[in-house]
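There are two complexes below, and they share chain A, which is joined by chain B in the first and by chain C in the second.
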Partner chain A sequence: MVKKSIILAKLKTSVYDLSTVFILLAVIAFFAVANKIFTGYNYVSSSNLATIINQASFLAVLGVAQMLVILVGGINLSIGSVMAFSAILCGPLLVESSNLMPALGPLGMVLIGAVIGLLNGALVTTLKIPSFIATFGTMYIFRGAAWIIAGNTVYFRISPAIRFLAQGQILSIGDFTIGMSVVVCIAVIVLLTLLLRKTTFGHNVYFTGSNPIAAKFSGISVNRMIITMFVLSGALSGFSGVLYTGKVNASDASMYMESHFDAVSVALISGASLMGGYGNIWGCAIGALIITAIKNGMNTLQVPSEYQTLVLGALIILSVFFNDKLIGKKMGVTSGTASDSKDANIVAT
Partner chain B sequence: MKRIVTLILATALVLMTFAGCVTQAPPAANDSAATESSISANQAEGDAENVASAPKYKMIFIVKSMAASFFLDVIEGAQAAAEDLNIELNCVGPETPFSVEEQTQIIEQAIINGVDGVLVIPADSDAIATAIEKCNEANIPVITPNTKANGGDVVTWVGADNVEVGYTLGKIMCESIGGEGNVVLLEGTPGNSTAEERTEGYKQALAEYPNVVLLDSQPANFEREAGMNLMENFLQKYPEIDACGSGNKDMTMGAIEAAKNAGRLDQIKFITFDTDDDVIAGIQSGEVYATGNQDPFSQGYLAVISMYAHLEGCRLPSMMHLPMKVIDSSNIDEFVASMQS
Partner chain C sequence: MKKSRHFKLSSLPNSIYIFVIVFVVFGIGIDKFWSPANLSTLLLQASVLLTVAMGMAVVIMTGGIDLSIGGIISLSAVVAGTILKLGGHWILAILGALVIGTAVGFLNGIIVQKMKVDSLIATFGMAYIAQSMANVISAKRTVNWEVLPQNAMIKTLSGDIYSKQLGQYGQAADVISISYIALICVVVMIVMNIAFKKTRLGPYVYAIGANQETARLAGIKTNTWRIGVFMLSGFLGSIAGTMLLIRAQSVQPTLGTGMEFYAVVAAVLGGNALEGGKGSVVGAILGAFVLYSIRSALMLEGISTFWVMVTIGGVLIAGMVINSLVYFYERKTLLKAKLRATESIEKGDVR
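Coming up: the complex of A and B.
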C-alpha cells in the first residue's frame, strides 16, 4: 500500500521534472502547424531541426554558466562582458595567423573568466554586495575595459582548431547535420550534472542554495561555496566565449552585449528557482532549445522581431509562474507520502 | 575600520563603472592639460607669447554609440581636427548604445558646464529636438554630423544620406546578379533611423528591378552573431538565394560565416556597408562583393572644422553632402593604400 503511493509520487515528480520537455514539444507542435498553414514550410524537416539544435547548443552553455550561480541563490550579469573581455585580451592568440598553439587562446579565455569569477565571488562574500549589484558593476567594468583596450580592433580569421570546436560537422544523416558544438555542450552538461548530483560537493551546492543558514551550521563554508560557483560560472563564460568566437569567426569589443539576458532567460525557462537550491543542468539544454525553437519558428513565419521580444518576455513570465507552482506541488507530493525521512530523500531528487 | 575600507572599495568600484562612458578622450584632454601646465609655467616667467596656445574653443562631440567601430572612427577624425585647430574637444557617447535620453542628458550637462559648440549624432532624429532647442536658447550652435535632426536650429549637417547609401548598394546588388534572382536583406535595429533609411534605399532600388525577388527582410540589430543566426534561418528556409544586402558589415560578416557552413558561400553575393579590416580582407578574398564607405574620419573632421568656421563668423550651407564611395575588387588596392597614407 505504501509502495504504491511512493511509486505514484515518483511518477508525479518525474512528470513535474519533465514539464520543460512538454513545453518544448508544445512549442514545436505549434510552429510545425503554424508554418504549414501560413507559409507551407516544413518546420520539422531534419535540416531545420538540426539548425535549431546546433544554434541552441551555444545558448545552452551560456545558460549553464548562469545556472551554476543561480543554484546558490545568486545571479551573474557579467557573463557577456567576460566573454567579450577575454576574447579581446586573447584576440592575438585566437587568430589563424598566430604561430602559437591554438589551445593557448581558449585556455587564456577560460582562465580570465575564472579570475573575474573570483572577483565576483569576493565582492559578494567579503564586501557583502548582493550578487545582482556586484555582477552589474563588473559587467560595466569589463565591458568598458574591453572597449578601452580594443577600440575598434576586430580580430578575425580565427584559428581552424577553434572554429572546428564550434562549427566542425560531426555527424551527417541525410540533411541532419550535428555540429561539434552539440558534442561539447552535451559533454559540459554531463560533466556538471555528474558533479552536482553524484558528489558531496554537488549535494552541498544544492544544500547551500536552498538553505544557507542550515548549511552554515552543518559545517559547509558557505562563502567558499559561493566563490567556487562564481569561479566555475566565470570559467564557463570564458569557454562560452571560445565557442561563440569560433562560431562567428571574429571577436571585437562590442559583442555579447545581451548575453546575460539570454543566459538568465535560459536558466529561468529551464525551471531553476531564483531563490537557489533548485534546478537541473540538463534543464538548460531544454530551455535553450525552447528559446531557439521559438526564434526560428517566428523567423520562418516572418514575424517582426518586436513580436519575438514580446513572446520571449511572456514566455519567461509563464515559465517562472508555471515552475513555481510545480515546485510547490512537488514539495506537496513529498511531504504527503514520506512516512520517514528516507522516503523523502528518494522522491526529493 | 572595516566599514571605512568597505566604503572606499565600494566607491572605487562605482567610480570604475564610469570608465565605460568616455573613451579615447585622453589625447585631447592631455593636450589641454599640457597646454595649461605650460601656460602656468610660463606665466611665472611672464612670457605673454605662450598664452596664445590655450585652446580657443571648447566643444563637445556626442556620438550615437561607442560600441560601433564606425563612430570610433568618426571620433578619431574629430580629434584630429581638434588637434589641428587647437580646440578643446570632449568626445563622448551614451553608455547604452543608441540612447537618445542619455544624449539629451549629456547635452544638458554640457550647457551647464559651458561649451562653445555642440556636435551631436542624434540617436533619434525626432527626440533629439528638445535638446537642440535647449542649446538654441543658450545660444550654443549645434552641428549634426551623420544623422539629421528633425527639429531645432542646426547650423549644418555633414554626412552621407543613408537612403542614398541603401539605394546605391541596392542597385549594385541587383546588377551583380544580372538583374534577376532572389535576394534577402539584413536590416539594422528596428526603430534606428540609419537602419530604416538604408532599408528604404535598398527597397527603392529593388522596385526598379522587377525580375529580382525580395524573399525576406528582417532585422539583425547590426550585430554579427544575430546576422549569422538570421542567415542560417534564411539558408534553411530558402533553397535559392543569389544575393544578400545588409545595413552594415557586422551583420554581413556573420552571414558570410553562415553561408560558409552551409557550403553556399560562392552562390551568394554579399553587399554591405562600412570598411573595417575584416571587410577589406573579405573583399580581397572575394567573400564580400562590394561595400560602401562613408569615410567616418572625414565626417568627424569636417564637422569640427565647420563648427570652428561658424564660431569664427563664416557662413555654412545647411547640408554638406559627403559622397559615398563604393569599394569592390576593382578599387580595393588603391583604397587600402590610401588608408595607410
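Coming up: the complex of A and C.
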C-alpha cells in the first residue's frame, strides 16, 4: 500500500512538471479543430508544425537567457540591448566582406554579452540594486550606446556561416524541415540542463534561488551564484544577437526593441517562479512553442493581429495562476500559493 | 509647538540629492534652463509622468508593482477619443476614460489579491490586454474627432490658463505660462500628498508593504486596500491618458508605451524600495522631475535623444548607488552610536 502511494505521488509530481506540455497540446488541439471548422486549413500538417518549431527555436533561446536569471530570483531586462550593442560593436566582423574568421564575430558578441552580464551582476550583488532597476538602467545605457556608436550604419550581407546558423536547413523529411536553429536551441537547452541538474553548481543555483539566506548559511557564495547566472544570461543574450542577426541578415542598433517582453513572457509561461528557485530550462522550449503555436494559429484563423497580444496577456496571467496552484500542490502546501511564499514563509516559521 | 525630530539623512526622500545636483548643475551649466519659459514647459511635459509616478509609488510602497500603466494610458485615451469621435459630450469622454482606467486597476487588484498572482506578472499580462484592447477599439489608427460645441472644452483645456510676458517684449524665454494640464497635475499632486499624509492611506500602505500578514492581523483590510491602491494607480493612469489626449488633440493607440517603466524609474529614484514599506509620494514627484529636467536640459543643449537615453540609464544607477551609500552611512553611524552606548554602560556611567 505504501509503495503504491509513493508511486502515485511520484506520478503526480511528474504530471505537475508536465503541465506546460498539456497546455501546449491543448493549444494545438484547439487550433487544429478550429482551423478544420472555420478555414479548412490543416494546422497539424507536417509543414506547419515544422514552421512553428523553427520559429519557436529563437524565442526559446531568448527565454533561456531570461530563465537563468529568474532561477536566482532576478529579472533581466537588458537582453535586447545587449543583442543590439554587441551586434553593432562586432558588426564589421559579421559581414560577408570581412576577411577574418567567421567565428570571431559571434565569439566577440558572446564575450561582450558576458561582460555586460558581469556588470549587471555586480550592480545587483555588490551595490544591492534590485535586478529590475539595475537591468533597466543597463538596458537604457547600452541601447543608447548602440545608437550612438552606429549612427546611421546598418551592417548587412551577413557572412554565410552565421546565416546558416540561424536559418540553414539540415534535415527534411517530406514537408517537415528542421533548421539549424532548432539544433542550436536543443544544444543550448541540453548543455544548460546538464549544468543545472547534474552538477553541484546547478544544485547550488536552485538552492540560492529558493532560499538565499539558507544558502548563505550553508556555505554557498550567494553573490557568486547570482553574478555567474547574470554572466551566463548576458553571454546567451549575445548569442541570441548572433542568431537574430543571421535571421534578418542585418545588424542595426534598433534591433528587437520588444525583446524584454518576449523573453519574460516565454520564461513565465514555461512555469518559472519569479521568486526564484523553480523552473526548468526545457520548459522554455515548451513556452516558446506555446506562444508561437498561438500566434501561428491566430494567423491561420485570420484573427486580426491586435487580438494576439490580448490572448498572450491572458495566457501569461492564467498560466502563472495555474502553475502556482500546481507548485503549491506539489510542495504539499494546502493553503497559499508559491507566489505568496514571502507571506507563507512568515506564517510557517 | 511640536519639537522637531532628530534629523536623519535617510528620512529625506532619496531623490532629493540627485534632484538638487541636477538642478544646480544644469542651472549653472545651461543658459536657458532657469528661464521661466523652460520651467513652465518642464512642468507641462512632466505632468503626465508626475501623475502616473505618484500612483506607481503608492503601489510600490504596498510591495507591488503596476506595469499596466502604459496600457491603461493608451486604453483610457482611446476610449475617450472614441467617445469624442462619436460626438459625445466632453464630460462623458473624460468620465469614460476615468471609469475604464479604474476598472482595469480593479481587475489588476482582483488578480493580485484574489487569484494570488504576483503583481509583476499580473500587471505585465494586463499591460498586453489593455494595449491590445486599445488597438482593437482604435483599429490601430490615430483617433481624430471634429470640433463640435459639446467637445470644444477639450480644445480650451489644451491652452494656457495664465500667460504673462516678463521683461523685454519679444523674448520667448521670458514668457511664464501655466497650462490647464499643469494645473490639473498640481491639483492632483496636492490632493495625493494630503491624502497620503493626513488620512489612513499612508500608514496603511506602509503597514501593508512592510508585512501584509501582520497588517491583516492588525485589523487592516489588506484585500480592500491593495485592490484600492491598484484602482488608484489605474485612476491616475487614466488622468494621464486624458492629459495626453488634451495635449495632442488626437489619440495614437500606442501613446502609453514605455510609460510604466518611466514611472517605475521615477518612483525608485524617489526612494521607493521595490520590496515595499518604504518611500514617499514626494520622492516619486522629485524623481519624475529629475527625469524630465535631464531630458529638457539635454534637449536645450541640442544633444541627441540617444545620449538622453544613456544619461537616464546612468542617472538611474547613480541614484540607486547614492541611495545605498546613504543607507550604509546611516547604518554605520547608528552602529557607532549603539557601540558608544554599550561602552558607556560597561564603564558604569549609566545616567
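Details
Everything below uses one rule, namely that the second predicted complex is superposed on the first by the 332 of 349 C-alpha atoms of A that agree within 3 Å, B and C clash if a C-alpha of one lies under 4 Å from a C-alpha of the other, contacts with A are read in each partner's own complex, and residues count from 1 in each chain.
The rule we apply is simple: contacts are C-beta pairs under 8 Å (C-beta built on N, C-alpha and C of every residue); 3 or more make two chains touch, one makes a residue touch a chain.
Bear in mind the structure is a predicted one, so any value in this text is a computation, not a measurement.
Superposition of the two structures on chain A leads chain B and chain C into a clash.
In the superposed model, A:160 makes contact with neither chain B nor chain C. Contact with chain C, but none with chain B, is seen for A:320 once the two complexes are overlaid on the shared chain.
Once chain A of one complex is fitted onto chain A of the other, the partner contacts of A:127 extend to both chain B and chain C. When both complexes are overlaid on chain A, the residue A:92 reaches neither chain B nor chain C. When the two complexes are overlaid on their common chain A, residue A:304 makes contact with chain B and with chain C alike.
Judged by the touch definition given at the top, the superposed model places A:143 against both chain B and chain C.
Under the contact criterion defined above, the residues of chain A that touch both chain B in one complex and chain C in the other are 123, 127-129, 137, 140-141, 143-145, 147-148, 304, 306. Residues 6, 9-10, 13-14, 16-17, 19-21, 23-24, 66-69, 72-73, 95, 97, 190, 216, 218-219, 221, 223-225, 228-230, 232-233, 236-237, 253-254, 257, 261, 276-278, 281 of chain B are the ones touching chain A in the complex.
In the complex of the two chains, the chain A residues touching chain B come out as 41, 47-48, 51, 55, 123, 127-129, 137, 140-141, 143-145, 147-148, 151-154, 156-157, 167, 244, 247-250, 252-257, 295-296, 299-300, 302, 304-306.
For chain A in complex with chain C, the touching residues are 75, 123, 127-130, 132-134, 136-145, 147-148, 264, 268, 274-275, 304, 306-310, 312-317, 320-321, 324, 336-337, 339-340, 343, 346-347. Chain C meets chain A in the complex at residues 65, 111, 115-118, 120-122, 124-129, 131-133, 135-136, 139-140, 211-213, 261, 264-265, 268, 273-275, 304, 306-314, 316-317, 320-321, 324.
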